[in-house]
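Per-chain residue numbering starts at 1, and chain names A, B, C and D are given in the order in which the chains are listed.
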Amino acid sequence: MFDPKVVRKDFPILERRVHGDKPLVWLDNASTTQKPRRVIDCLVDFYEHHNSNVHRGVYALAEEATELYEGARAKIAAFIGASGKREIVFTRSATESLNLVANAWGRANLKPGDKVVVTEMEHHSNLIPWQLVTQATGAQIVPWPITDDGFLDLEAMPRVLDGAKIVCVSQMSNVLGTINPIRQVADAAHAAGALVLVDGAQGVPHLITNVAEMEADFLAFSGHKMLGPTGSGGLWARAELLDAMPPFLGGGEMILEVWIDHATYNEIPYKFEAGTPNIAQSIGLGAAVDYLNDLGMEDVRAHEIEIVTYALDELRKIDGLKVFGPADPTKRGGVVSFWMEDLHPHDLATIVDTEGLAIRAGHHCAQPLMRVLGVPATSRASFYVYNTHDDVDALVAALGKARETFARGGGLPF
Amino acid sequence: MFDPKVVRKDFPILERRVHGDKPLVWLDNASTTQKPRRVIDCLVDFYEHHNSNVHRGVYALAEEATELYEGARAKIAAFIGASGKREIVFTRSATESLNLVANAWGRANLKPGDKVVVTEMEHHSNLIPWQLVTQATGAQIVPWPITDDGFLDLEAMPRVLDGAKIVCVSQMSNVLGTINPIRQVADAAHAAGALVLVDGAQGVPHLITNVAEMEADFLAFSGHKMLGPTGSGGLWARAELLDAMPPFLGGGEMILEVWIDHATYNEIPYKFEAGTPNIAQSIGLGAAVDYLNDLGMEDVRAHEIEIVTYALDELRKIDGLKVFGPADPTKRGGVVSFWMEDLHPHDLATIVDTEGLAIRAGHHCAQPLMRVLGVPATSRASFYVYNTHDDVDALVAALGKARETFARGGGLPF
Amino acid sequence: MSLDDLYREVILDHYRSPRNKRHIDSGGIDVHRNNPLCGDDITVYVVVDATGVATDAAFEGQGCSISQASASMLTEQIRGKKVDEIEGIVLNFRKMMAGEEGPGEEELGDLVALKGVVKYPVRIKCAVLAWDALQEGISQYEKAH
Amino acid sequence: MSLDDLYREVILDHYRSPRNKRHIDSGGIDVHRNNPLCGDDITVYVVVDATGVATDAAFEGQGCSISQASASMLTEQIRGKKVDEIEGIVLNFRKMMAGEEGPGEEELGDLVALKGVVKYPVRIKCAVLAWDALQEGISQYEKAH
């Protein structure tokens, strides 16, 4: 098991001080993670030694860049248990991956009246693309409700799946931390004739992910949330599905033969990678995967359970603080959303920031979920491999300071 | 006027040797350019000191990252003469920008029978997106022919513009080097009631670009072709157009208020930047713009004319070598495509590679143009600020070696 | 950076006991604004009489202390003023938020307490949310009259 | 890296004087393939008689010396062979292109000259283009028989 205090040393930014002399405490990992030296060095090495476009050149640098880029694809395929690298499409982000599915699969397969199931805990990135495509095709969105303790309502499953064409579900909620039972959902969805799109933006960085075991059809993920560069991410999909889908973006690299008014398309995954891709970023994501593999994803998950257990225990001691989502740390990831009486999350985040802590306040791109929870916003601390008990203690201390600033009044201000 | 031999020193990769001890001669700048130390350092500084998601956090790092990201937007707006930074949408590449226009503007505005004009010299990235959207909307593509000497056929202009909804034209051809008369095209197109989409992937890096003077409606550009990181690029469009267009990708950041089945959208440009954008890359592009501004775009262009003049002179001395595109260096950019008798470009590129030279062989993502030129492929050398006469001399010498390898036979092998 | 600059007592007071926080069927100015950063939302209501005087002003919505206090102070500050005077107040408030020193502060009354927000750039959006709604409302009013 | 490994004399000879470069209305195998990297394209034609013997083989298309010479040699090498023998040749050729040493090279005849391509990974696609077409043609043939 790794020691997060040792891991921290690999992350140059964690030396930073903010607001004068306050050491940075990074607790917004659900938004984006920091980058280890190895990833930064990988980018520098690429630009200083191998920078070239991929696939199209016959010269030495093109060959090197292509090998690095395709090597990263293979690493990612192995990391999530894909059956081969042709099932991995590089994108900028989980958002782009989800839009790719909604557009390429959705526009070709949805008809008026078709049902697209979206859970009430989905991020806007797994909702708005489906709003846009259902508006264009005449299909409709069916929300899948959640229970009071923050789980998918499995009792509602038969009803929502009835007549569904696709089910859009996050592997882990970016607000509640809930880990969803993907295999169970996939089995039921397939029995009902629906495909399953998993938003793995939060799950892939934190959980052991194996697409073969999940039995899902699509998995979107975000490289910058798993120690990779900004602008890295991808989509896994079963090869048959990718093969059958029309292209999404058009341009160089995704074609075979082109005439003015029609074209034939390249094999997968290239059919879905139009134009110059995020080359250095995808290679950097490969380096991040190497780093995570060296830590070991079992241990990444074990550390997460450990720190969330500690954080939940400490936060629950605070009077007037309510934590959202599952109580059992083994059923949730390292995302802890909470509400502190009398303190709007926005004020709270500003105050803890003056102590050097980066936490998130707001709707976390999940406005429908905020309505279900009955709050306008939450505060959210989210952990990763470099976070320690000290960070939790710093959070608790900063919350004390926030409480002092806003001496107690009466109840929720809304 | 800068000295390219001094400029070279800013580019670490130009120290590289390939195939043993051959110094790298980078002549594939039309595909992607190398990165100066300043851009690489900017990326490292971002990841080591400021890495955070943008726009959504209230803490110190989010503020710093947002300021850097929006600062880069302002630099780019100024660089191309936009009236403000709200007219700049960050994308991954010119390809993504062109797809954005085809999808967001095209799907909302094209009807069966509408005409989309695409020049015969367009890159696949400014053609395939229009194939996809015309197939979806029932509109049709009208090719705008070129003349024998590689210019847009202006005599055909009234015919192709008649009834056109949009004209898709590159600022500079990535095969012929031709600089197109955008202002003239825009005036005629507007008089005919059509919008003008300029593919600036080649033009923006090499020419002084001012969107106000161009009078176009959309300008796509590619950051990685102008010294910026891979994964950088953007779209400029007139604010009224962006305001009126529906969104393209859906997700975080591009929304205002979200319900399960509908949403309202953020103001421009954020409406078009769904999810975590290419943050470090866009900031790096800002650093590239600083670097180009320090060189001075007038001088960048002057250097280009100078080196192309020399290159054309030297290449024309080679027996059996045909250069495509305009003969006058002031009417073309630093892209030189040619055919050498008896030598397929693919073989030629392999041979010059063994001498350390990176040139491109193939259709350059412009298959329709290859048919017009009557060749299956061309060889292409393309220049930028760090290229010198020595590089041209090395090319000429390597071509001699290629000729030796393929002792002369008879004519074109097709 | 001192939090006391941001969270002045008068701000916390307006936050805890917001003035004029109620719905008005104004028939006049009635504009909703939302801050996509944090989900705060505010609706500003102003009743303008035939002589162009704001005889009543109120707000609804929820959000952080800064957005709520700013809205509360806004309603107090514009009540009984003429529309063109109100435009002056909007201008002076925006100047203060842009960090410009200057005359006109005395007209802002309690609102001067929001001056500290300038040091917290991401929070400026919170402070101006109600003002964006008010300004939009005034433009609509002026177009209609 | 020596270019002589790549551009052996026999390759240049097949490039300059391609064998069996013509159209056949084969009624048998007739498959077109294109290399999107460089735009090379090849169509392979094979006439197979009732006993499963390739009585004629030819190609058309254009491209670099490697793709053209490879196609030219292919037609020579498979002529007069039975379909299952041809499958063995395809396999041996692919093995050679994958850098595997081994028996079977003698069956490849002139094609052994293409061994040097292995050191130029981006050019392997050129060498196998005609073979991809042939293999696709054989599958189609076998499905139909």
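By our rule, a residue touches a chain if its C-beta (ideal position, glycine included) is under 8 Å from a C-beta of that chain, and two chains touch if they have at least 3 such contacts.
None of these values were measured; they are calculated from a predicted model.
Contacts with chain A and chain D are shared by B. The rotation that brings the Cα trace of chain C onto that of chain D spans 180°, given to the nearest 5.
Interface comparison, B-C against A-C: more C-beta pairs in contact at A-C. Our note on geometry: chain B versus chain C, Cα centroid distance of 46 Å, whole angstroms.
Averaging C-alpha coordinates per chain places the centre of chain B 37 Å away from that of chain D.
Separation between the centroids of chain C and chain D, computed from CA atoms only, is 78 Å. Within chain B, residues 19, 56-58, 62, 253, 255, 257, 346, 350, 361-362, 367 each touch two or more of the remaining chains. Shown for chain C are the residues in touch with two or more other chains, namely 37-38, 41, 120, 123.
By the touch criterion given at the top, residues 19-20, 344-347, 350-351, 354, 361-363, 367, 370, 376-377, 405-406, 409, 413-414 of chain B touch chain D in their complex.
In the complex of the two chains, the chain A residues touching chain B come out as 12-13, 16, 18-19, 24, 26, 28, 31-32, 34-35, 39-40, 43-44, 47-53, 56-62, 92-96, 98-99, 102, 107, 118, 120, 123-125, 127-132, 134, 136, 140-141, 143, 222, 224, 229-231, 246-247, 249-255, 257-263, 274-281, 346, 349-350, 353, 356-362, 365, 367-368.
Chain A makes touch with chain D in their complex at residues 55-58, 62-63, 66, 253, 255-257, 266. Residues of chain C touching chain A in their complex: 1, 3, 6-7, 12, 15-16, 37-41, 62-66, 68, 120, 123, 126.
On the chain D side of its complex with chain A, the touching residues are 34, 36-38, 41, 120-123.
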